[in-house]
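Following are the structures in question.
Across the two complexes that follow, chain A remains constant while its partner is chain B and subsequently chain C.
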Partner chain A sequence: MILVELRKMVRSRRTWTTILLIDALPTLVAVLLAITDLGPRPGQGPAFLSAVLTDGTLFPLAALAIVLPLFLPIAVAITAGEAIAGESQAGTLRYMLIRPVGRTRLLVAKLVSVMSFVVLTVLVVAATAYVVGTLLLGKGDVTTGSTSISGTSLSTQELLLRTLLALAYAMLCMLGVAAIALFLSTVSESPLGAALGTLAVLIASTILLTLDAANALQPWLPTRYWLAFVDLFRDPILWRDVVRGVLLQLVYVVVFLAAGWANFTTKDITD
Partner chain B sequence: MTSFNRWCAVALLVLLVAAVPIGVRAIPAHDERVSAADLLARIRASGDHPYSGYVESRGALELPVADRFTDIGALLGEQTRMRVWWAADHRWRVDKLLVSGETDLVQRGTLTTEWSYEQNEARRSADPDIRLPRTADLLPPALADRLLQDVDESELTRLDARRVAGRDALGLRLRPAAPQSSIDHVDLWADRETGIPLRVEVYGDPAAGPALTSAFRDFSAADPDPATVDFSPPAGAEVSYDNVLDIADAANQYAPVVPPDTLAGLAKSPSADRAVGVYGSGVTRILALPMRGREAGPLREQLLTTVGVRTARAGSLLSVGPLGVLLTGAGDDGGWLVVGTVTQETLLAAARDLATGVRPVPDAHIRHSLTRLRVDR
Partner chain C sequence: MIRTSSLTKRYGRITAVDDLDLDVREGDVYGFLGANGSGKTTTVRMLLGLVLATSGSIEVMGRAMPSGARQVLPEVGALVEGPAAYAHLSGRANLALFDAMGQGARRATRAGRVDDALARVGLGGVDSRPVHAYSLGMRQRLGLANALLRRPRLLVLDEPTNGLDPQGIREIRGLLLELNAAGTTVFLSSHLLAEIEQMCTRVGVLDRGRLVVQEQLDVLQQPTGRVVVHTPDADRARALLDGQVEHQEGERLLVRVPDAAALNALLVGGGVRVASLSAERRTLEDVVLAATSSGSDTFSAPAVGR
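Moving on to the complex of A and B:
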């Protein structure tokens, strides 16, 4: 079942078109930076974007900071929102469940497929950004390595390890989005409704984060710790928000998957 | 399993997840029978104790200040996230954490290095006698040290203990007796074990909530790792040396005037012996800063467009929470910027004292300033 879903995802033209579109923005940014040599002013623009002018090996992180707030969650919400509701709308869900396939297994297979899409997208974005960054932007200093946000030197191994941690963290954040979308996909019969519902949750979370009156709610908002991956590049690493971000995303994943399971396993399938 | 049971299981899961942090926060603090005076002594004795941790400060003071005043508007009007490693008074590092980078202050002896990641530059400067507030001044121990200076025991009462950064902290309230003060009270909580202040709240109008709060969220009283406190500018970074740190330091070094020894009944601090005057102590303080026309003019213009500004004969007058701001003069004239945690009447009295008591700088200071000017060039 899982293999069937994975094969379907990898062979889908839409998967690759989406990845290409997500990848296009950071690539365009790299080209513009290389041509103009103009970084953002301090305190403005995505993290690491000012540093890539001198060290292109940091561009995968800048690319992550560019796509993580909006592009990636939209793609994940659409893909995960379609998982069950898409089958329902196309009228294929009934036929799938006639086969001796447990509903829980189908739900897990859909989740694995969505997660694989997230992993694939993040890796493609990071790999493209690395190639584009090292070809077009600054090469850094091979002898001293890269510079951490705190101004200390990071060896290539340290930079690689921290970059991999940041990518894994971003994937986990998107798993939280996928869990919400998958739950809504079991509730709604329209994939668009599930995707838009998920985006509404994320936009509400982003708005509440800017509101002082919502202080008490903020530690619980799904987007609260998304950009905490930047803390992995401080020296010493600031684990506080990263650990909280991981725990919060795990809570979202467990609660919304449980809700999705509770809803889907006893749902009347009419389409 | 029926649908009802499944949803019950989900509801139980949500309750469990929500209960864990609420339970952790509900752990009661252990108080101690210690008098306010003894707690004050314990806090003062903690002055040379090392510490490290993560601090969040939040100011509610919307100051109408321009770029010339560094980031003081953000420090007193927004949230600031900091990491600190404090080994000793002249050996520490304070990082101001930003979403896309950080600005670090590293102190070694009298030399301060400011590292800005986004600008890839390290600016060095000698710690001047007079300067504007900076991130390190917002740390609870630094803030408490300043606020409790020259405090009288009769102004202090004990508050209940509370948990701060996972530690038991003993509470102290300071209600200033000085009639000039615009501060209603200051609440602070000091670590029960070491006496280091962990949380400080400053109130102007108690009904409006704290005007400034600074608190540790993570705290350790262990000696910080020397490698963490050290800093060397990375290869490729721009390194510069600033002879003048900010507008207050510039005015103090070069303005050819000396303000009077007392303003509105508050005595001048002995360390402020040049153009910028610092008056009072503890929570009741005034800073008097001479400004040239090209600096005073735009600030005056900005003040006059701010809601709540009052135009008096002495100049433009504004209260931002407990902080009073007065700029003497009019139009594009130079003037004195008088800022302090004092009432508007006190500011007006200070302006009167300035109008009659300012003296030209003694020759020795002029010679010193000219020497500094030549060195700068």
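Moving on to the complex of A and C:
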């Protein structure tokens, strides 16, 4: 079933349109930077952008930092929100279930498909950004090493390792989004409703984070530690928020997947 | 093949299916009749494990449903409330995708199964256009092909001839009878009396969630013990039959006699010209109308007494 879902995802035109759209923004940023040579000052604007001007190979990181906080969550919310509700709306859900495909198995296959979509998107974005970055912004002097946010030098190997860690962390955050959307997808009859519901949760979370009165809630908000991956590029690594972020996301993943599973496996399919 | 006992489904305060005892035997073409909203589709969905019963039990091919779904459903083909497919893919790609779902379908023989199913429903030569360009009838055929993919022992079909032209309906009827002759049990849910009457060996009638009739079709259609006679000499025949005529309507006489052949001989012997003569049988329509209340999609206000 997982293979069937993956095949559907890869063959869907929408998958590639979404990736293309997501990919367009960092590419546009690279072009603008190359033309104007006006980077944000260090410490301002999206992470890593100031460093990119001197070293184009860093651009994949900058691209991900641009894409992660907004574009990717939207794409995940839409894809995961459609998972069950979309099949239900198309009427194909009932035919899957009477093939028979077990409901738990279907849910797992959908989750794997959504996460594969995220991985695919991240890989495409990183690869395009590397090509665009080196072409437009030039290669930095690798022997002097790239700079961490803290100002010290990191070896290329170290940088690669930390990048992988950051990607893993970002994936986990997206898994949290996917869990919420998948749950809503088993509740709502409409894929759009599930996607918008998820986005509403994320937006509400982001707004509450800026509100001092919501201080007591903040450690529990899903987006609270999303940007903690930046801490992985400090020297030494600042683990505190990253660890909290991992634990918090795991709670969200477990709670919402369990709720989605409980709801879906006992639901009357009446589409 | 299908056996339910006291099957009940409630949605809140509404009882959709009430205390249903279905009995479908192996080899039957079972016609499940009922007005729109009488609970047919809910019943079909419960049989397939899509909707969970409030109370009562279901047994399909000797196993309890929905707990035995993994063993039962691979041998069941179904069409539930219209066909469904991925609109951007071709019919063939859709069937291949559905065939790959679930377990027990060998990949090596997939293309053969898909072609076979398409050929059976008359889509053998279909091109690679996407399903959203299909006509209603083509979609219906594709849905049937999907039901036939795994060569099921039991077919559960909800309104299978929806959207088909008369030619198509006849084809599908032929196909279903052919499959039945080869050993497939067919459970056919429909609100079309004629369709059931032409195909089925056994009939169940659902009215507001209750099963009000369940019987062999030929028992339901037993002769009524009356003979319908058309004759231009109606008055003469009436005199000859002496009180056996129950009803006269122009040239049409309704005669209470046990033997139509003897009646014919009597009339002709008496010099009465007989245009046509046949034993009267109850029609399925009579049976259904006698057993059911008015359709459940009417909501007339209760009569106010004076």
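Everything below uses one rule, namely that the second predicted complex is superposed on the first by the 266 of 271 C-alpha atoms of A that agree within 3 Å, B and C clash if a C-alpha of one lies under 4 Å from a C-alpha of the other, contacts with A are read in each partner's own complex, and residues count from 1 in each chain.
Here is the rule we go by: a residue touches a chain if its C-beta (ideal position, glycine included) is under 8 Å from a C-beta of that chain, and two chains touch if they have at least 3 such contacts.
Computed from a predicted model, the values in this text were never measured in an experiment.
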item	value
Simultaneous placement of chain C and chain B on chain A, clash or fit	fit
Chain C versus chain B, contacts on chain A by residue	B
Partner chain in contact with A:32 - chain B first, chain C second, else both or neither	neither
Chain B versus chain C as contact partner of A:8, first or second or both or neither	second
Touched partner set for A:214, first chain B, second chain C, both or neither	neither
Partner chain(s) touched by A:238 [first = chain B, second = chain C, both, neither]	first
Touching partner for A:200 - first (chain B), second (chain C), both, neither	neither
Contacts of A:90 with chain B and chain C, given as first, second, both or neither	second
Which superposed partner A:24 touches (first chain B, second chain C, both, neither)	neither
Partner chain(s) touched by A:161 [first = chain B, second = chain C, both, neither]	neither
Which of chain B and chain C A:255 touches, first, second, both or neither	first
Least Cα gap, in Å, left between chain B and chain C after the two complexes are fitted on chain A	11
Residues of chain A at both interfaces, chain B in one complex, chain C in the other	266
Of all residues in chain C, those that touch chain A in their complex	45, 48-52, 69-70, 73-74, 76, 78, 80-89, 97-98, 100-102, 146
Residue ranges of chain A touching chain C (in the complex, touch as defined)	1, 3-4, 7-8, 11-13, 90-92, 94-102, 266, 268-270
Complex interface listing, chain B residues touching chain A	2-3, 6-7, 9-10, 13-14, 17, 21, 54, 83, 95, 97-102, 104, 115-120, 122, 217-218, 228, 231, 233-237
Residues of chain A touching chain B in the complex	42-51, 54, 65, 141, 144, 147, 149-153, 219, 227, 230-231, 234, 236, 238, 240, 251, 254-255, 258-259, 261-262, 265-266
